Each structure stands twice: as structure tokens, then as C-alpha cells.
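Pasting the structures here.
In the two assemblies presented below, chain A is common to both, partnered first by chain B and then by chain C.
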Partner chain A sequence: MKRVYAKEEICAGCRLCEVWCVVAHSKSGDIVKAFNSEFPRPLPRVMVEEAGPFSFALQCRHCMEPPCIEACMTGAMFRDGAEGPVLHDPEQCVGCWMCVMVCPYGAIARDVTIKKIASKCDLCQGEEEPSCVAHCPNEALVFEDRG
Partner chain B sequence: MKYVIIGNSAAAVGCVEGIRKYDSDGEILLVSKEPYATYSRPLISYYLAGQVDARHMGYRPASFYKTHRVTTLLGSEAVGLDTKDKSVRLSDGRTVAYDKLLIATGGVPFVPPIEGSDAEGVMTFTTWDDAKRLKRLVPRLKKVVILGGGLIGIKAMEGLQAHGTDITVVELMDRILGLVLDKTATSFLERKLKEEGVHLVKETTIKKIHKDNAGRAVGVTLENGRELATDQVIIAIGVRPNIGLVKDSPVETNRGIVVDYFMRTSEADVYAAGDVAEADDILHHEPRVIPILPNAYKQGKVAGSSMTGNEIEYPGGMVMNSVEVGGIPAISAGIMNPPDDEGYEVKRLIDRKNGVYRKMVIRDNRLVGFILIGAIDRAGIYTGLIREGVNISPFKNHLTDLDFGVICFPKDLRTYKISNVYM
Partner chain C sequence: MRFSYALPEFLVERDLERCIRCKVCVRQCAFEAHCYDEETDTVSVDSSKCVGCLRCVTMCPTSALIVRQNPTSFKENASWTGRAIKDIFKQAETGGVLLTGMGNDRPYPIYWDHILLNASQVTNPSIDPLREPMELKTYLGSKPDRLDIKKENGKLTLKTRLAPQLELRMPVMFSALSYGAISLNASKALASAAKEFGTYCNTGEGGLHRDLFQYADRTIVQCASGRFGVYRDYLQAGAAIEIKIGQGAKPGIGGHLPGEKVSEEVSKTRMIPVGTDALSPAPHHDIYSIEDLRQLIYALKEATRYEKPVSVKIAAVHNAAAIASGMVRAGADIIALDGLRGSTGAAPTRIRNNVGIPIELAIASVDRRLREEGIRQRASLVAAGGFRNSADVVKAIALGADAVYIGTSALVAMGCHVCQICYTGKCNWGIATQDPYLEKRLNPEIAKERLLNLLRAWEHEIKEMLGGMGINAIESLRGNRLHLRGVGLSDTDLDILGILPAGR
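Now for the complex of A and B:
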């Protein structure tokens, strides 16, 4: 399946991927509204890691044998089809953080804005390519099938 | 091929999913003592608290058995096993034959011999029925005594706190959650519980439960001599592997049912998984019963795959838990309380003002355990380091940092991490 991969060498650490991820998961899909007037504002599901001159963006790897699905105690975390992305049902999630405990990438965030729920990358379901990839000014994020 | 699964929780569901990954035709019969479709056992405390309703108790969607073509016998207990005849005897007298059998009977609550424990108003707390019963009783309960400050006791406490019940937790150790946290970590949580009005009585246990003339529990006497009035006693000392089914069979047991890396028991075509099984512990290099949901599911899935002939090895498990007490999140895994004299190295960050505690336990430059209180984000990176046995010496001094992340890894490991997909 296609996944998002980061190119550390050319990531400028601008964090626009985080901004556009928030916009893509907002109700309005509008950058001004998403940041100024919408409640709740979604958490970015991609995070830029930075240390000195190095940076890269990281999000759910949509693992083949996802530890988060194995650890999820409510069945909220699931794979969409045999080869599909790892998705998450906020209705069924109770925010027990078992997924946070096992994700080896640290790619699942805790959203406590209204009720406690896990927050993670859904590869922008329904879009041609994820918003973080589409808006990376440096093409430091690519969306491709590496098997 | 006829698969028979005894049990209906995480290991059983994992087994169904493991079987169906490779075998879409085989017949699957699932037998469960409890009358419900698979539900999330850890949610019973949320149900008691009123945070989750019956509609959201399912561990899988209602369509699960249909989409996976599973025939169920719910409310039916397996009481006997004949490994020669390859059949299981049920409580209603029927027998079912199997080609491959999974025993996923889970755990049973341990009730120590306490005088008066047969009183009405003494119960355990491990099933949805327990939670339903307690929820019906709760409007009339004034004082509840919970015996055991481990995970089950603390979950029962949380469920009851939502109802404003007066709660006393009696714990034999010098701290609550003694097996999954250390003294410092628990001090953060215990302070919060005291603020919330929960009474903690430590380093003692219940000696006697007093009954009134109608046989109802009205109070307890502790080993330390203290007396507590109560109208409900919850025994939450722990669970033991539910090995009753194999007691009179040749299936080898130790504390739990002994299994190999493919979840095979000592008897041909009989598998075991979950809280009933004793499978590999990657940190102690020996089989142990680790009754936590992620291990149960994984073992079930491995068993299911093996039962179809696709033998995938169980990668081994370790203790790990995520729990929130009084709104303070806590995650721990692996060896959290290492013995003083065996070459362990411990790194700590304690920030009481911000309610943060982070402890890393290191052995031979490998992370073998951690505790996180307050700041728990990205805990899985540590779990991953333990599981993968990564040499942490290049970033040892950053381990407890609040912004510790994949960026702290050496370049080759980091590049590998972000450009590849975890199994």
C-alpha cells in the first residue's frame, strides 16, 4: 500500500505539514476558520521532530502487524480491509492510551479536547494524496508504494 | 477442518482473525460460558461508571461472527476435555468434536480463604455481569471496601468513584499498583486519591468479614486490628489462569497451560492463548503468565495462524500497562523495580511541580523497563526499544527527556525507522 515517507535531508522543519493536517481534518477545511474559530480544533496527526539542523515529519506507518490494533481494548483501532490503512473509530475509543503505550513510532497523539480519544493519521481518506504531502513546499514528504 | 475455540475474549477473537487470515472455509465453533457476544473486559469499569453504555461494550462489531463465519455457543461451559477422542464435553451434556482446539478460558479471580467471605455483599470484579450487579447495587451502597490495590481493585474503585461512593482500598503492599509502578510513581497517584477522598489502608489485609443475622456483610476486621464498617466487599487480589478444563487431561500445566512459540500445548492439536497460557516473557527469558489484553490478542492470533498450518512464531510478551488514576495518566512496561545488586542502571526525571515522573531501567545498554507518570506521550517508542533490544548507549542521556523521540536515534537507525514499515 502507499504510505507517506519523509526525506530527512531536505526537510526544512517548517511544520506546514502539521498546519495542513489540521486544516484537512477540520470541519470547514479552511485554514483561517480552522485555526481561528473552529472548536474543537483537530490535533495535527503528523509531527515534525527536530534536533539542531535535523528534522523530519513522522506519522502513522500503517504497520503490517499493527501493535496498536493488537493492544486496542475496545476494538476502536482497525484495519480498513486486508491491505488498507489503519483507522480509528472515535465513537468506540475511550482514551485508555494502550495504543500510545505500544506504537513504536510514537505516532498516536492523545486528544483530550472534548473526550479522551486517540488521534492518528488516516492518510486523508478519499483524497488523492495526503494533505501533508500535497502541501510540503520542499517535497520532503512523498506518498508511494514501497511494498 | 473443524476449529473449536473455548472462550470469547481477546485471545478467542485473535484466534478467529488468525484462522480467517489463512483459512476461509474451515468450520469455526466458539463456545463461551458468558452469554454475551465478545465484549471488552477492561471496559467493565467504564460501564460501572456510566461512561460507556451497553451498545459500546463490544470488542468487535455485532457483525463479527457473521463476517468471520463463526458458529457460537454462548452461555455454554466447556467442562471436560478428551484429547484421545478429540472432543470437548459441555455443561449441558453435549460433546463437540474438534480437529484443532484453542483453550482461551482466561483467568478466574483469586479469593483467599477469609472467614465470612461467603457473606452476601462479597463479590469479585472481572466480568460484565459483575459490573451489572454492582451498578444495580450502587445507589444503595454507602461504604465499599475493596481488597486489593492492584489494577482490578483500582479499576473497580474508579467505576465506583463516579457514583460518589465512600471507598476504602485495602492493600497488602506498601503502595497501590505495586506490581506495575514503583513507590515514587504511586506517591503521585496516592496523593491525588487522598484529595479525592478515597481511603487507602496499606500493608494489611482483611482477616474477617462480619455478617448480620441475614448473612449480609456489614464490616471487616483487618490484620492490623482495625475495623471498618461496609455494605459491600470487593475482592480484587488478582486472577489465576482458569485451567479447570484441562485438570483431568494430559495437557501440561504449570501456573498456566504450558505452550510453545506456536501456542501448542503438550497435546497434539490443542492450543492455548491469553490469560490461561504461560508463554514466553522476552525479559525474563522464560514462560510466564502475563494476563494483559495485548498479549492475549497476539497469542490468539498466533494460535489461529498455527492451527491452519501457517506457523508464525509468538514474538514473546512483556508486562505493560496503561492506567489513569484520578486523571493522572500512567504507563509502564517491562522491569520497573529492578533488584539493587544485579547490574541494572536507572535513570530518573522527577518534577513534582508539574506532576511528571519518568524512570528508565537499563541492563547491558538495553532498555528493559520504564515508568511514565503525567507525561506519557510517545511511550510506545520505549516499548519498541525494549522489544527490539536496541543498544541505547548513543542516546542514553536523553531517554528521560520530555521531547525524547525518533530524532534522538543514531542516523542509520532513524533512517531505517522512518523509511521502513514495522512488521
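Now for the complex of A and C:
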């Protein structure tokens, strides 16, 4: 399946991927409204990891054997089809955050804006490519099938 | 605390209704002009730190930023301009030589803007380059005085042994931009674009990084007065060798790479200790005369078995024509002239702004002198310093240049915004920097694509202009000054340029 891959050698650490992730998952889809007037504001599902000059954007790796699905007691975390992305249903999520605990990449965030739920990348379902990839100013994120 | 009397050059304005406090501007400004206050959740700006590179404006996802000239000005007069006052303040505060980057920004005449091209009408047909072949291929190197051709059994063979030549798809090359002055990603983009397009890039005096040897067959390797990074493999790898005597931005002084830019990799490539200033001597200490130059030219030719052309680059100075004549007689295959508006990564402001002559006059006078002495064919003439578009290139060729070097145009294609702070090493666009945080900002793949687009666009435009003149090969334009006319130039200017005034 296609996944998002980061090229850390050209990641400028601007975090525009995080910004556009928020916009993509906002109600209005308008960047100024999403940040300045909408409530709740979604969390970015992509997180830029930094250590000195080294940086890259991290999001759910959509593992073939996802520990988060295994750990989820309500079935909120599920795989969309046999080879599809790992998705999350906020309606079923009870905020136990076992998924956060078991994720080996630290790619699941805790959203406490309204009720406690998990927040993770859905690869921008329905779009040609995820918003983070489309908006990376340095093409440091690519959406590819590397098997 | 003492404060600076100098006024901020720019005023940064933020539209608070559009600002989403994403802090992209804070993260992208190496000069720390933007600052985020967590307590109040606001981003504030210190305009005095802004250098006008527009990185923040370009990156701001909501277009919430405006950078403009500071409307507050000194009480200026014709003699004491704001710039003059500010320069005095800076020197009174620091006691230092004023430094700057990029090319001369003073309002000297730009002759390109006073020269017009011809086009065919009625009496000779113009050519459509989309329908008919058009040749821009250029060979650089010494041409023979005459050709000896032998005829045997009806077959013609060339007896004259030709000197080594560089083959260019079009008469535009990337000028000497050293690794050290610019980032490795920028060097990679230039070298790979030159190779893919079929032209050449020049290493400058920074040596050849090991990752760039793969492009060496499209690289002109420079040998400057500091001899940084010059060794056997380097000389043998390049397509040609260039002896750098001078540079248009700072004639009379050597290159200066501040220690801050001498990183581990730069140190290995230049073969100097990390963090030390790379100061090239003003002259080559083994060249005090034309005879000495001849010795170095032939030493380099010997070292490379006479397989590569040797270029000699000088800054265009008052007696450039006489010097060029000596250079040709000393055995140079290519003469590179760098004009008054030639750019640099770091130069003393006073030298950059006041030394040298415009490249247009230098091309015309050197070409004329070499023709008069009957030695024009012995060397190719490459012009550099301030070529902004394809029309400038066409005019230079018609004045007598064989090819041009572009530096600033190439940098601008990659993202340079000509903010002139290259000498600080803090280029926010990842070009003129060795800072690991900043150099990642230049994706060499994107930069290469942009360079290739620029070259292709210029190639097409040059063909269109040639076609308009009814010429189908760049060779037919070379030194063809009848295709040029001057407007708003004095008789002396026209005489030096060797062109007629418009209307005559």
C-alpha cells in the first residue's frame, strides 16, 4: 500500500505539514477559520520530530501487523480492508490510550479537546495524496508504494 | 546598553486576523526577527533584525506577513543619502570594513539596457525556430590559425591538430560558485543541471567535494591564489582548468571565506582546518608577470597532458584589453572576463561598489584588441557579471563574447532573493550557508529542475531572437555588431562598444 515517507535530509523543519494536517481535518477546510475560530481544532496527526538540525515528519506507519489494533478493546482501531490503512473511529474510542502505549513509533496522539480520544493519521481518505505531502514546500514527504 | 543609530531597513507587518500562530516564520528566520510568546499566544516581530530575504513571507501559509522598506527615513539630502549615513553609523559602531554580498548594486549605467537588437523585415527572411533547425552549439578553446587539409584518393583528412575544446549546448555556463560560499546541495544542483543540460559549471576556488566527482566531466575546476582543494585528481577530473586571477566583485583582492562557513566537509574539500578563515592571497604569489602566467598555464597543461583547455579569469579592469592580449600570448585557451556587476559571497562594500569596469565595455574592447592583433581565434572569450536574461546573453555574443557565465541568475533560479547577506552564512534559503539547519532547505532535485527550466527557457528565447534576425546559428551572431544599435549612449560609449546609434 502507499505510505508517506520522509526524506529527513531535506526536511526544513517548518512544520507546515502539521498545519495543513489540521486544516485537512477541520470542519471548514479554511486555514484561518480552522485555527482562529473553529472549535474543536483537530490535533495534527503528523508530528515533526527534531533533534538538532535533524528533523523529519512522522505519522502512523500503517503497520501490516498493527499493535494498536491488537490492543484496542473497543474495536475503534481497525484496518480498512485487507491491505488498507489503519483507521480510527472516534465514536467507538473510549480514550484508554492503550494504542498510544503500544505504538512503536509514537505516532498516535492523545486528544483531550472534548473527550479523551486517540488521534492518528488516516492518510487523508478520499484525497489523491495526504495533505502533508501535498503541502510540503521542499518535497521532503512522498506518498509511495514501497511494498 | 548601547543601541544602534542605524534605522531598520525593513518594516515587517503582521495581519493579526490572518496569523494562526503556527510559528513557521519563527522557525524559518535565521536572524530571529520573529518571536513567539507562549504566555500571550502571539507572534511578535523585531523589524531591525529583518534582512528582507522574504523567506517568512513565502512560507507563511496564510499570507499574513508583509515586508516593506522602512518608511521612516533619515533626513536625507543629495550628498548625505540614507545609505551614506547608515554606513557611517555601522563603521562608527564596529570599527570594521563594511562587508556585503552579491553584485554591485550602485546605479552605474547598465549598457545592456541601452543596446537594441535588430530583426529581419522584407529584405531578408526571419526564421521560425519551431519549424527550422537552429544551432546554439558553442565550442570553447583555442582555434587554429588555419586548417591544413590533405586530399588522398579523393578523401579529405584534417592534418591540423585541434586544441581541446569544451562543447556547450548553448553559450551559457554556471560561473564560479565555490562549495563553501554555497551549500553542498546548491553545488549539487548546479553540477547536475550543467551535466544534464550539456553545459558546464565552475567549482570556484572551493575544490571539488567527493560527491561532485560524478559531474566532473561537466565541471571547470578552478585554481585560485589560495590553491584550496587543488591536487592531482582534482585537476585531472575537470573538463577544463581555470586560473582565477581576479573576480568582478572584488578586483585586486583574494577570496575570503569566513571561518564560520568552514565546516567539516568544507575543510576536507578545501584541505584546510575546520573553522579557519580561508583567505586567498590578493595575487598568485607565483604570478607577477605574463611570463609567470605562462609558466602556470603550461604547468597545468603538462599536468593534464594537454587534454584540457586552460582558462584564465580576470576581473574587467581599466586595461583589461592589454592584459587579455598578454593572457592569450601566454597560452590561455579561454579568457574569462568578470565585470563590475559580478557577484560574490563576501566582499568589502567599497571595493565591490567602486572597482572595475562594466562587462559590456570590457567585452567590446577585449574583442577588438584581440582582433586588431590577429589573435582573437587563439582563445575563446567568456563574459561574466550581471547577465540577467537571454537578451543580455545575445547582446554579449553580438559584441564578441563566445559564451557567458551566469551566477546570480542561477542562484535566483534556485531561490535566492538577492538580500545580500551571503557573507553572514545565514542564508535562509539554504544556498549561501553551511549551517546544517539551513542547508537542508534547498532540495537539490527541485533546484536542479528550476535551473534546467531556466536554461531551456533561455535557449528557446535565444533561438527566437536569432530567428528574428534571420540567423540560424549562434556562430553567425558572434561579434556581429551590426545587429546592435545604441540608444541614449554618448559617442564615446558607441565608439568603445563599436556599435551604431539607433536610427543610423
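The rule is short, and it goes like this: the second predicted complex is superposed on the first by the 147 of 147 C-alpha atoms of A that agree within 3 Å, B and C clash if a C-alpha of one lies under 4 Å from a C-alpha of the other, contacts with A are read in each partner's own complex, and residues count from 1 in each chain.
FYI, a residue touches a chain if its C-beta (ideal position, glycine included) is under 8 Å from a C-beta of that chain, and two chains touch if they have at least 3 such contacts.
Computed from a predicted structure; not experimentally measured.
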*Superposed partners chain B and chain C on chain A - clash or fit*: fit
_Comparing the two partners chain B and chain C, which touches a greater set of residues in chain A_ = B
*Put chain A at the vertex: what angle do the Cα centres of chain B and chain C make there, to the nearest 10 degrees?*
150
*For A:Trp20, is the partner it touches chain B (first), chain C (second), both, or none of the two (neither)?*
second
*Can A:Pro42 be said to touch chain B (first), chain C (second), both, or neither?*
neither
*First (chain B), second (chain C), both or neither: which does A:Gly106 touch?*
first
*A:Ala12 contacts which: chain B (first), chain C (second), both, neither?*
second
*asked:* Quick check on the superposed pair: does A:Ala140 touch chain B, chain C, both, or neither? Answer first, second, both or neither.
replied: second
*Please provide the least distance in Å between a C-alpha atom of chain B and a C-alpha atom of chain C in the combined superposition.*
15
*Looking at chain A, which of its residues have contacts with both chain B and chain C?*
55
*Residue ranges of chain A in contact with chain B within the complex*: 3, 5-6, 8, 49-51, 54-56, 58, 61-65, 67, 70-71, 73-75, 91-92, 94, 96-106, 108-110, 146
*Quick one: which bits of chain B touch chain A in the complex? Just the residue numbers, please.*
10, 14, 40-43, 46, 51-52, 56, 58-61, 293-294, 297-298, 301, 320-322, 324, 329, 331, 333, 376-381, 383-384, 387-388, 405-408, 414-415, 417-419, 421-423
*Provide the residue numbers of chain A that touch chain C in the complex, in ascending order.*
9-16, 18-20, 31-32, 34-36, 52-53, 55, 135, 137-140
*Contacting residues of chain C [partner chain A, same complex]*: 17-18, 20-24, 27-28, 59, 61-62, 185, 430, 435-437, 440-446
